[in-house]
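Structures follow.
Next come two complexes, and both contain chain A; in the first it sits with chain B, in the second with chain C.
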Partner chain A sequence: MSTEPPESAESPPEASPSAPSRRTFIATTAVGGAVAVGGLTSGPSVFGAEPAGAVEAPPGSRVSVTVNGVRHTVTVDNRTSLLDLLRERLGLTGSKKGCNAGACGACTVLVDGRRVNSCLTLTVRLDGADVTTIEGLADGDQLHPLQQAFIDQDAFQCGYCTSGQIMSGVGCVQEGHTGSPEEIREFMSGNICRCGCYVKIVRAVEQAAHGK
Partner chain B sequence: MHPFSYTRVSDTRAALDAGRRGGRYIAGGTTLVDLMRETVERPRALVDISALPLREVTVTRRGGLRIGALVRMAEAAAHPRVRALYPVISQALELSASAQLRNMATIGGNIMQRTRCSYFRDVTAACNKREPGTGCAALHGVNRTHAILGTSDDCVATHPSDVAVAFAALEATVHLLGPAGERTVPFADFLLEPGSTPSREQALRPGELITAVEIPALPRPLKSGYLKVRDRQSYEFALTSAAVALHIRGGVIREAKVAAGGVGTVPWKLPAVEGRLIGQRPSDALWTTAAERAADGARPLPHNRFKVELLRRTVERQLRVIGGGK
Partner chain C sequence: MSRVDGRLKVTGQAKYAADHDIDGVVHAVVVDSSVARGRITGIDTRAADALHGVLGVISHLDRPSLAYRDNPGPFPGRRLRVFQDDAVRFMGQPVAVVVATTLETAQHAADLVKVSYAAETPSTDLTRSPAVDGPAPFARPYTRGDAQEALGSADVRMDMTYRLSRNHHNPMETQATIARWDGGRLTVWDKTQHVLGTRNELAAVFGIPQENVRVLSPFVGGAFGNALRTWPHVTIAALAARELGRPVKLALTRRQMYFTVGYRPAYEYKLSLGSTRRGRLTAMTHEMKYETSRYEQFWEANQALGQMLYAVPNVSQHVQTVPLDVSTPMWMRGPGYGSAAFVIETAMDELAHELGIDPIELRLRNEPGEDPSTQQPFSTRRLRECFRVGARAFGWHRRDPRPRSTRDGDWLIGTGVATGCYDVFLGQAEAHARLDADGTAVVQSATHDTGTGTYTSMTQVAADALGLPMRQVTFRLGDSAMPPAPPQGASQTMATVGSAVQDTCDKLRQQAITLAVEDERSPLHGVDADDVVAGGGRLHVKGAPARGETYRRLLARNHRTHLEARGSWAPEENSRFSMYGYAAMFAEVAVDARLGLVRVRRMLGVYDAGRIISPKLAESQAVGGMVGGIGAALLEHTVTDHRDGRIVNANLADYLVPVNADIPDLKAVYLDGEDYKADPIGVKSLGELVQIGVAPALANAVFHATGRRVRNLPITAEALL
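Presenting the complex of A and B:
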């Protein structure tokens, strides 16, 4: 698989080698310290990202996609999901791979303003699309109102589902499905939280929608 | 996931050309990509049809509704005409999947979606639908969620769609475009019961494309709605469901359209229930009497006998919700 020179730099590796981040710690732990920091290697991923294991070069395509306002032109194996593009190629690991089957919502991002499951979205279909991930939500140091609401409402424990919850919540608020706690619960049901923070998540979405 | 080539087409002619060469159409992709990852689906060539001009919802000359095949589930559910004319459709859509999936999945893809039978999704299990001739692991396996109507010795998998149940109830037609031109197929003939060929699921000819689903005009006022019963309150497939539309005038039921979901190998139209309603005056007793016929012909499996009674109660409840009464 060849990689085209991107028109803008892909995200750099982790900034400080002396203070490994949680992600690099997990990655190096999982493979005994053999993986390069940053996760931009082309080999099979410890997280099971596709593609892996094909004998000859599988069909690929050149795609231009804007992520958080930055345009990237990449050549991808046609099987590459948007989630794998974000995590494995662009170093944007905020979107999480929970089920990889559209059942958990941890990978939720906005594509052209609509919330979708990035695990079920093929990158090859996104030429010209505009993607917003959790990394692109804040305005500099100014958190998005829903990010602040999740902090104010203590709406997470382990945090694994949180970026998907927040991206889905942004969609929920934009769609106007925040008329009641029941409506929020229904329209947020595509995001599973194994810690069981649903009550506080609903409150956070309410806060962002109605400022209460 | 097996490798595949990818083509994006911008007009139906190019789509049909690619389809004729064996390309597999992809619209929302929520079922197809999921099943490709499980290697249940192994298309060699994907033809992306999402740019085709099939995204309109229009009122037909006769007062029915035509929903383009590429209208997304969320768009159809929110469309003012759909909500006003056929609440049963918008309700069925909004009780389906999740908000994210409804933003991706299309109406055409929805009625093409494949069963959620866990043996179908498990490539190590016997499944006549996935690999003809290998047998049906569900028949003697864990079959609590499986079908009780329209089954065969070769397949007992349910059709998973909710909105297809509404389409079946309302006697929709499916508009198709193929190498030989356009044609329409009644919804009842579009989805196929498994019989001895469960791998054949739709009455589509090779390379044919769904262009729209048309709902016929029905006499007004028409009250309609969808009830879905499931293991959890949201984001789950139906154990049973009921789509009901009633036209009541002068205190008498003049038209009744009823179908059930979660119980059939295809959305299950209930003509025997409709027959007991037409010409009658709404009453609690009538809902009970009519719903008694909802499970006619049911062949329950060891783990889903409960669906027989649950189906009758689901239909009775929704008749009462739509038709009135305590």
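Presenting the complex of A and C:
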């Protein structure tokens, strides 16, 4: 049934940072079979034995996208957002799903150097694009200055919005919107932090931008 | 001292519930009811089943077998049961679940499930439905003195009605569960503030022994109370995994976060007070009612402040709930206290204005010498000092008390104060510590870190007790297989788990000391154990650091791979003390004179929270509490369309929470000190306390700016036009 076709054979081995077992498993599941029946602890499953009505796979597209310097050529369901590609296909779960509607910023990544909400970005639009996620920001063990600034300033608590805040902050610094705390606040307002770390997020962006 | 888990969080490596990579996992999406009351008359899954990749749809029509053994929950009533009948009790109730090989397919298939209903008209309006007395024993009528008589004879009597909107916790991480069965054993990776609570509930629901369930929750992306219960989606994930024989991942959508995972209930709260002309309170009566579901009676700690905050001789309280066609609320940061504080502390400001007394002075005139509800001495109560320190730092003396007296262009400027207070809630906890031959230690307890800094603060306590550098200590949490710990709620973690960690590490250190003083080859041989201390990874004689040896040498010479200890802590059963944390909150706002727009200009909180273990992290919590309070005061409002019970703004674009541009520089000051009457490590409560006085301080500042008293939260522009 192969709703998620395996990655292209031409993608280099290092292009598969996540464990391939899940995709392999799905790809080899029998077409149209009612997969795995049988309750484990309470008798018969609620599912009958009759096979589900097998139909065509959803429309997919072949896309070549570079993520954190690694080129991936994948066939994706046309509905797949960049966020779901990262999280569910590439094993890059640092980008978070907070609203899946572009309202919270937890999924912020850089696409061709610009910050975007990856939940609102369809993968099929990204052929040839260069994506940077939180996992690709540090230089080996050397944290990006904004990552270090977030630690120094304690600019997070639960950490769930942090990936998006940092990627957005990198964009904010690159755009030059760090002239004043007010300007940083304005240009960091697409990223919600429910723990309420805004004061410290502003300080962290200032630290990274101006070495404060 | 920075967070020990900081590097994981800034590199995207911290694993939250939905981030765990579980082999062969498939995706579940919940189908929600689109009516708020009635019966399901049919579920047509044909279109969904026909989709390529759909593995199954489960609903009550499948009669899934679930034991639902009794397992006392937090609220009287009968807990919601997953897919066990055709009744719809609230809008958004889970009525089916779709499982598919991909998330995209599961989402699409969930849209294709056609559910038909025999719908009835729901009641969802707090003000138009009958109230019943709050659930005993949690809510009970309270009287001291004769409040009605005292109100009647008071120099000044004021009667006010306040209304608070429903708020949703809205942590950034939506609730998520991955469930996997291995034979009769269930493992769940879950977002929870109580791994043992989730374990026990899943065992009860599935009718299996508790030891057959393991719950893992190493990182929690905020919760603020909404992960204190095991909600239906956790059961649904485990049920789907059982029926399919595959691991299942289920993450609620943001919209679904408004349906089944609790909220701070809306209140209608009538307060009457009597006072002398000189500002001595003589009476207060509290008549409150709040929303709950029809299947459970919610309660929260909304009575304590009215009983203990001020020296009022005559008090009465009556608590009612209004059962509605809604889901059950859940404790939200500063539960009960926060709602009551808004009412009491706004009323105090109203009285101060009426009498022409400074609002800080009015509060000080009513400071009790002992707890007026129990006649117990306070363990510590430094509220006066909070106000004194805060007034100086905030520049309170420069304030012109007249409302609408200060203007800055189009902006009316006002300042306000309020008291915050939250009890020192203490539980029981155990911990395990192991010191390895390489001189590193691993300490663990089944507690949680929702962003509060548990990893860091427990590492500090353990390192301190063991005399090890922090980098040589690892603290682990969030696993139901670890020694038991209470829920991460009611600000009890630092005091309770911290004291257990200290006890455990004290025992471990004592073991090492005993080993050393009894070892003829140790430089500590023969020294009185009480004269040996630990520091820098060494044991040495107190006052003579040169005489001693490292843990590594001690263990190596004795051929020990490790030492280990298990410890615990529980509070005294009947403390003689009344134990609370206190805060003085100061706020300055600007209100656009024509548009009614409210902007916060600055805030200051001064806290009496006992000993502060991690000052940097405590400051973050305090500032975060202010941001939460700003949301409750000015923005947050769950809007229900009472015609059909639909939540109109069930998303983060329409349910407004503070964003960066809403937040000016906020300052937090913790009074130096400790409270060893509360617990062995001297801490009081912190996480709730820091949000509790925020909304009334802002409301009082809005009054001072505009002369308009708004008794409803949130205070939106339209209320000020």
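Note that in this section the second predicted complex is superposed on the first by the 156 of 212 C-alpha atoms of A that agree within 3 Å, B and C clash if a C-alpha of one lies under 4 Å from a C-alpha of the other, contacts with A are read in each partner's own complex, and residues count from 1 in each chain.
In this text, contacts are C-beta pairs under 8 Å (C-beta built on N, C-alpha and C of every residue); 3 or more make two chains touch, one makes a residue touch a chain.
Nothing here was measured: the structure is a model prediction, and the numbers come from that model.
Contacts of A:Arg185 after superposition: both chain B and chain C are touched.
By the touch criterion stated above, A:Cys172 is placed in contact with chain B alone, chain C being left untouched.
Residue contacts after overlaying the shared chain place A:Ser95 against chain C, while chain B stays out of touching range.
Within the superposed three-chain model, A:Arg79 lies in touch with chain B and with chain C [touch as defined at top]. In the superposition on chain A, contact of A:Thr108 is made with chain B only, not with chain C. Residue contacts after overlaying the shared chain place A:Pro59 against chain B, while chain C stays out of touching range. By the touch criterion defined above, A:Gly159 lies against chain C but remains apart from chain B after alignment on the C-alpha atoms of chain A. Once the two complexes are overlaid on the shared chain, A:Val199 sits against chain C while remaining clear of chain B. Contacts of chain A with chain B, set against its contacts with chain C after fitting on chain A, overlap at residues 54, 58, 77, 79, 100-101, 185-186, 188-191.
The touching residues of chain A, when paired with chain B in their complex, are 50-51, 54, 58-59, 61, 77-79, 81, 100-102, 105, 108, 114-117, 120-122, 124-125, 127, 168, 171-172, 175, 177, 185-191. Interface residues of chain A facing chain C in the complex, by the touch rule stated above, are 1, 3-4, 18-19, 21-22, 25-26, 29, 34-43, 45-47, 52-58, 77, 79-80, 84, 87-88, 91-101, 103-104, 106, 133-135, 137-138, 143, 147-148, 150-152, 154, 156-163, 166, 181, 184-186, 188-202. Across the complex, chain A is touched by residues 1, 3-6, 8, 26, 29-30, 33-34, 36-37, 46, 48, 50, 74, 94, 97-101, 103-104, 233-235 of chain B.
The part of chain C that touches chain A in the complex is made up of residues 2-3, 5-16, 18-19, 21, 23-25, 46, 49-56, 58, 62-66, 100-105, 108, 170-174, 181, 183-184, 206-208, 219-224, 242-246, 251, 253-254, 450-453, 616-617, 619-621, 623-628, 651-653, 657-663, 665-666.
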